[in-house]
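See below for the structure under consideration.
Chain IDs A, B, C and D follow the sequence of writing; residue 1 opens each chain.
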Amino acid sequence: MHFSARITVRFGDCDPAGLVYYPALFHYCHVAMEEFFAVRCGVEYARLVADERVGFPTVNARAEFFEPFVYGDVAEVEVWASRVGRSSVTFEYRLRRERDGRLCASATLVQVSMNLDERRAVPVPANLRLVFESGAE
Amino acid sequence: MHFSARITVRFGDCDPAGLVYYPALFHYCHVAMEEFFAVRCGVEYARLVADERVGFPTVNARAEFFEPFVYGDVAEVEVWASRVGRSSVTFEYRLRRERDGRLCASATLVQVSMNLDERRAVPVPANLRLVFESGAE
Amino acid sequence: MHFSARITVRFGDCDPAGLVYYPALFHYCHVAMEEFFAVRCGVEYARLVADERVGFPTVNARAEFFEPFVYGDVAEVEVWASRVGRSSVTFEYRLRRERDGRLCASATLVQVSMNLDERRAVPVPANLRLVFESGAE
Amino acid sequence: MHFSARITVRFGDCDPAGLVYYPALFHYCHVAMEEFFAVRCGVEYARLVADERVGFPTVNARAEFFEPFVYGDVAEVEVWASRVGRSSVTFEYRLRRERDGRLCASATLVQVSMNLDERRAVPVPANLRLVFESGAE
């Protein structure tokens, strides 16, 4: 089963239209990915960045926003790796409204395994690859 | 010629990897769109939202990030409408690094003309349609 | 006992110096207050804003930052009302690092009970006053 | 004369109450400080952080918010150093609404000169001290 993170929509995430400002939805995806690393990969993204100097910046993003999230909503953000390349991973994100399970947004992000000091692509670390592939479809 | 907004990368936009946190790049697109409304459309987006209760939330996003923006960079964000439907507009964004003109990111956002009180799609206002179409390719 | 919210420091909250960008710490205070409303006051801040059109914008802030929060930290944010006036409340916030209980930041915010439509101060709603006063020292 | 930065309130800075989310006002102060460094100090804050590994994180903040900024406003943010210690600087910020010159917010931030690699206080660099002191009152 795919990993899912529960994210409460915050006052500061919403715009004067009362909706979640859409860049914040990409932030939610990143938060869900951070939780995914902590829970499923056995390594905090923070440790990966600080100790291994490896991160997964986004190089390609496709997203659809079907229904707005509003202040007061809770988002269930499902995340998994759908494709694992040599030095890139495609992460899938599905954002549902907890209240009624409605799919509000969907995102597919290609993220590159990057050495943060030299800012160049590196092979996906083997321990992460194993976890990513176990969830790939 | 397409409209272009100059956006300075701020300390708070960058992450511990030293790169602009990618959701902030979508914020840059929105800022550029706000400038586009003020300069080219003859109406502040703020006025549109407050007085007409019309906004253009994003329903579909595709983006590519070719090179990271880092702290110290200035982004030139070109914005234009490439397609104008009945109640939606496709906005194109090209984000270049001012220093060397390098294309660092590209985004295509489908944004819906929405009545913010009733949260339903409405026809693109006629005055805006004229401006959008004059820049469409 | 005072209410406490657990807030995980996120990648996007941190700056190129690797520390939590200090405006984000005020965001953490607001998040803790939102949790406080939900758990202790029996009303979601979202409902208060949407249905009653009452909010508590900040009019005065004093804060001290003793030690930086860094990416990978979890913050325990204690929140309580230390003084309840006719139309204002003084909220206290203590931000501790979960790992070692170290007090990293402290904030005292005076927040005004405001009618959001008319943007003027209104008396603190009676049900909230009761809760606030029960926690005041 | 004190330095002043012009900052346009953005859609994404505002909350569902239609006001600038108050942590964003501290972000405005930081942006104004970044402009102050670039224009008055002859060094980009980005260069200081990247090359000298020196930054000025905030250790103490006092702020008053007299009137809310709303979407559509432009803020004029005046910034100057009011006190320069051995390894700390007190920066003053005054945020006025451009439209009518009204003082909407005021902040006094004590910021420490910090070596970002070792995360310890260091003496204020001599070239910056000169500039800071010339503006001190």
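Before moving on, here are some points about what is shown:
In this text, a residue touches a chain if its C-beta (ideal position, glycine included) is under 8 Å from a C-beta of that chain, and two chains touch if they have at least 3 such contacts.
Treat the numbers as computed from the prediction; the structure is a model and nothing was measured.
Interface residue usage between chain C and chain D, two copies of one sequence, is largely shared: over half of the residue numbers at the contact are used by both copies. Centroid distances built from C-alpha atoms place D farthest away from chain A. For the pairs A-D and A-B, the larger set of C-beta contacts lies at A-B. Centre-to-centre spacing of chain A and chain D amounts to 32 Å, using the average Cα coordinate of each chain. Each chain gets one centre point, the mean of its Cα atoms, and the points for chain A and chain B are 23 Å apart. Of all residues in chain C, those that touch two or more other chains are 11-12, 16, 18, 21, 23, 27, 30, 49-50, 71. Taken as a contact graph, with one node per protein chain and an edge wherever two chains touch, the assembly is complete, since every chain touches every other chain. Of all residues in chain D, only 16-19, 21-24, 26-27, 30, 49-50, 55, 57-66, 68, 114, 116, 119 touch chain C in the complex they form. Chain B makes touch with chain C in their complex at residues 11-12, 14-16, 18, 21, 23, 71. Looking at the complex, you find that chain C touches chain A at residues 8-12, 18, 27, 30-31, 34, 44-47, 49-50, 71-72.
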